[in-house]
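Here chain A shows up in two complexes: once beside chain B, once beside chain C.
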Partner chain A sequence: MLDAYIQSYNQAVFETDKPAALEVVNQALNDGFSPEDIVFKLVIPAIELMMTLIEKDPDANLAQHFMTAQIAADVTEKMLEKFSKPPEMIGRVVIGAAYGDLHSLGKRIVSGCLKSLMVDVIDLGTNVTAEKFVDTAVSENAQVIAVSAMMVHTATSEKGSLGVRSLLKERGLEQQIKLAVGGAPYRFDPELYTKVGADAWAPDGVTAAKVIVDLIREVKP
Partner chain B sequence: MISIPPDTGRSASLAKDMLATVSSNDQKLRILLKPDLSVRQSLDTTDLRVRAACGGLGTCGACIIQTVDGQFNPPTLAERQKLLSEDLAGGMRLACQLRARSDCTLYLENPAPHSAWKSLDPTPLYQAQGNPTVSEYVYGVAVDLGTTHIRLSLWNRQSGRRIGTRYSINPQVAHGADILTRLDAERLDDQDCQRIGREAREAIIDGIRDILSRDMGEITPILAELGKVLIVGNTAMLTLICGNSGDSLYQPENWQSPIACLPADADAWRQMWRTPHADIDIAQPLAGFIGSDLLADLLATGITEQSQPMLLADFGTNTEIAVWDGTNLWASSVPGGPAFEGVGMRNGLTAEAGAICKVSASGLQTIGDAQARGYCASGFIDAIALLLDQKHLKPSGRFAEPPSEPGLLLQAEIPKSAIFASDIDIFQRAKASTAAAMSQLMSYAGLAISDLNRLWICGSFGQHLDLNSAFRVGLLPPMPPERVSLLANASLAGCEQLLLNPAGPSLLNNIVQRARVVNLGGVFEYENRFIDNLRLQPMSIEELE
Partner chain C sequence: MTPLEILTAAATGNPAPRIPVFCNMPDHGARELGMSAKQYFSKGEYIADGQLRLLRRYGYDNIWSLHYVGKEAELLGCSEILFADDGAPNVADFVIKNLDDIAKLDIPTDITLHPAWQSVADCLKILRSEVGGTHPICAYVTASTTLPAILMGMDKWMELFLLGPFDVRDELLRKCSDFCQQEIAALRALGANVLIYSTPFGSPYFVSRKQIEQTVMPWMRRDLLPGGNEDIVYYCGMATFNDVIDLVFDELHLKTHYISPLADLAEAKRLIGNRGLTCGVIDDIKMIHWSAEQTRAEVKRIIEIGKTGGHFLFGNGVMPIAVPEANIRTMVDAAFEYGRLP
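Coming up: the complex of A and B.
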């Protein structure tokens, strides 16, 4: 029974058809599946499947990335309200767009996927200073700072990732807090992430979620 | 003050137009001749121009053309004076005097040397009254400086007569550099900024000189009599042509506030142009990301003079959108426009000869009937709509069957008709940001689609656009076609009004006073709309209600 739901849910996500995906979820609830089942057996495996597909599939398009994240985040949010007890979270991440950068859509995909993977996401929005990233990560006990930058000058600026790195170094936080980056400039130069002092990067929002989960596990085994 | 009737822009019927086949030694094209335009005027809008040194009065005799077959008006007095009677008898005519009365064939032995400049169809432009208070330096120029195109017109401000219009590709595009993409991707250094600004200035004066040489027959004396040049454009181009660095454009705090675009070196500028008396005036942009080209559109369409709600979109490198609710104006701009000008698409073109401009189940149609070299926006949108209807393309933007290596060939024998998955991805983003911006601004204004009295599509994008295809893919809100107006040269028409109408500046000020600039960046609700609009399907009406 669940298999049929998994299949039609995956199909709907792949086809970027949100109403169809929500319909599957409602059907499954009506059939007596628990909200926990829906998140852990339907939503999370679907994201993981999309992660694998997107990595392998050069034709996967941005609409699919966005929809994967948005459907997952929507469903998870609705289901979490109905959980019998709050789920155990994997960890916490502070995310935002680099100083001087107002592009916010990229990190939307990342946040959406992370929330469904049971990661707490603190979204600082756009045009975020290095100090704010680090201060928030410390006060909120986050394991990862994720900095999105869509322009070369915001990716490479001293006030962006490089600023975060030097603050982490200065305050001796490099073992507790990892730095992940993403955005268009990193795709053009796969070595750029090391030049801006990051621990990891990802070529797209869906795989970024996976990269961030891996970093969390490094810090918090 | 509004001189443009609301239903201009798209000619209702082409029945009265004559089809002409015109060839030279190395070129052949087919064009529609409007009955009220001379053959010269029609050819001036193409790559194949006649030689000319007067304003089409028949006094220079340079525009000789051979009629091969078809019916024409009888030779005019000017032709009988300029041409030998045996030449007339042999079918030689002056193109500026010649009007076709049936489909016809023409041969042009000595075309004008190739030029980047073409004339615009002046019918939907501004009609001026003339202004007797302009007593010296009576000539004036209106300029619409876009990222990809420059459009301009030369006027006698006193008499209100338009002497000529021209448009051309911005030299930046000819060099293969897309400024806004580069502004977005990396900082332009000062040298780049200076060069772009200088080239834009050179291009404008080049266009003015083209009008003077072909439509007046003298250059230097008229330049000395030029009293005003008024430029509208997007903020980036206006900043650069003023000789300022592009740096201020990168500061987020400048995006939503007015940026002053003032020439850094007006005297040197006048000297370079040899226009010692020209007042070079830049119509100030509304904000860092909303240029004065949108203000000119609003002036040309007269939306803000109306009591009914209207929506306006100017598709370009940046797509600017305005919603008018009868009292207030909401304005914004969204990126992704390069897709609408062919930039970034594997087989993308601007609307030029050889661009596939219409696609239907029965085949492809190119501009000028030339060999297909790629798609302009309207052709691409048609192609997407057709592929969706035929179920070769899914609403997710993926092909039903992955095409073989060279992309999906729409027509087997035409390699340039190939459509690639990445093209569709780029298009989805561009159309989603536009559609989402429309619905977001409508939501701010508290309007539904059914409240809209009219939808205005400004910019050359609309010239060949098939509305049903645009509705089908979800680019435009579905509206009865009679309530949609296409106005290709709206920004230039608005700039002309600002140059020539004494009330223009106060009308402009009214618009600025009522405008609410909206920065959609980071607006959560807008982002949701963007994601929902990535799907290739008609915009949902409820979503906008």
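Coming up: the complex of A and C.
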């Protein structure tokens, strides 16, 4: 029976129709499905399906990525309030836009997907210093630092992910905190992430969530 | 032939000694003059001087009047730009902080009277006087459906664009389109004759084709309605748009297409054919770490795809400051060499 809801929900998400997606969720709740079912059997499979589709068709558009994340995050937040017991979180990530970068769309997509995948997200906003990334990751016991950069100079600057890498190395944290990067410059040069000291990168926000979950599992099996 | 004549020949399919070679380096002028970015962008005279020096240094065909994209936001009330000496300036103050601000957003009745326009006018006046008779003068215009991204932030704009309230969204689009029309007319009046119409929301990378047809296209038509479209270049901020090239021809009648380095250039050339001008664009982010040989090989590859059949020019993205000078020199020289026509 949930299969029909999954199909309708996915259709609404792919068409970036948030009201239709929320209607599917409400209908499923009215028909007796639990909030846990909604998150684990509807929302998370929808994100995973989007990840699979993006792998097959990298031309899935930004609006679809954005709505996948926003709808998933909204539904998950509402459902979590109704869970019979708090869910076990996979891990924790500190995310933000690199120093000098004021763009926030990418990290918002990543954050929305991660929250639905049961990852704690600490969003430091935009224009974040390398020190703040590392200090927060340490104080909050995060497994991953995710640095978004939409401009070439903020991606390659010593004050961006290169600065984070230096601090992780200097403080002996490279085994317990992994570094992920994303943003437009990395799409144009897929090798760029290695030159800015990152452990991984992703070409879009939805795939970034998968990459970050994989990094969390490397640190916290 | 002058660069302007070579460009015209490429557009019309007439004989020329070589293809046009465009190079965009809006952020390099400050270094050329030994200034900070903030100082460089403070006066139109500096920008004109910096761009003219770059033109003389490398010898490519076009010249840019673009200050920075946030200039448009300043004309609409933005009070802070974050300058960087190693890259492009960022808008640091969003004019629209909440949806109520959209009703209050005031489009100047004449943007040329706005203090922020003065440097644009000063720059174009110098460029027109120095090279207007020989070189294409490029200017940059953000489409109405993309302008809100620098007024309220891309994520907030994407949310409003997709989820509404749609009356509020359309009120903002109408204001942005009014601004766009004025800006195009003002730039033309000052002598700009290649207008890069930046329309990322006109790319299927950003929104679906259905959303482009239903929502974006009517606003693009409105933006471009006055004054013709011979000088307009369709550009999606380096995003791919091969899937809508036919649509752009049919609906907007635009003939010049600035193709993303991530797109299939051969397909774009085939789609455009002799109907218009295809610009093959090098991935200048990769040029940061490429050797001169790699740069040269990529220029050769692009031009070999595009040159056959004419109606082609070579260009780059927004040349990062970190690209070594030797690679810029190699790119321009190789484009002249491989771009020779029989």
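Couple of notes before you dig in:
Just so it is clear, the second predicted complex is superposed on the first by the 219 of 221 C-alpha atoms of A that agree within 3 Å, B and C clash if a C-alpha of one lies under 4 Å from a C-alpha of the other, contacts with A are read in each partner's own complex, and residues count from 1 in each chain.
What we mean here is this: contacts are C-beta pairs under 8 Å (C-beta built on N, C-alpha and C of every residue); 3 or more make two chains touch, one makes a residue touch a chain.
From a predicted model like this one, the values you see are computed outputs, not experimental measurements.
Overlay on chain A: chain B and chain C clash in the combined arrangement. In the superposed model, A:Ser157 makes contact with chain C only, not with chain B. After overlaying the two complexes on the shared chain, residue contacts for A:Lys195 are found with chain C alone; chain B is out of touch.
Of the two partner chains, neither chain B nor chain C is touched by A:Lys82. In the superposed pair of complexes, A:Arg187 makes contact with chain C only, with no contact to chain B. In the superposition on chain A, contact is made by A:Gly125 with chain B only, not with chain C.
In the superposed pair of complexes, A:Lys220 makes contact with neither chain B nor chain C.
In the superposed pair of complexes, A:Gly100 makes contact with chain B and with chain C alike. Steric collision with chain B, judged by C-alpha atoms after aligning on chain A, is confined to one stretch of chain C among 163-171, 289-297 or 307-315, namely 163-171. Shared interface residues of chain A (contacting chain B in one complex, chain C in the other): 16, 18, 59, 61-64, 66-67, 70, 100, 102-105, 108, 127, 151-153, 184-185. Within the complex, the chain A residues that touch chain C are 16, 18, 59, 61-64, 66-67, 70, 100-105, 108, 127, 151-154, 156-157, 184-185, 187-189, 191-192, 195. Chain A meets chain B in the complex at residues 14-18, 58-59, 61-64, 66-67, 70, 100, 102-105, 108, 125-127, 150-153, 184-185.
Touching chain A in their complex are the following residues of chain C: 82, 84, 86-88, 90-92, 153-155, 158-159, 161-163, 204-208, 211, 238, 240, 261-262, 283, 285-286, 288-289, 317, 320-322. Of all the residues in chain B, the ones that touch chain A in their complex are 184-187, 250-252, 255, 394-399, 402, 421, 424-425, 428-429, 432, 519, 521-522, 527-528, 530-532, 534-535.
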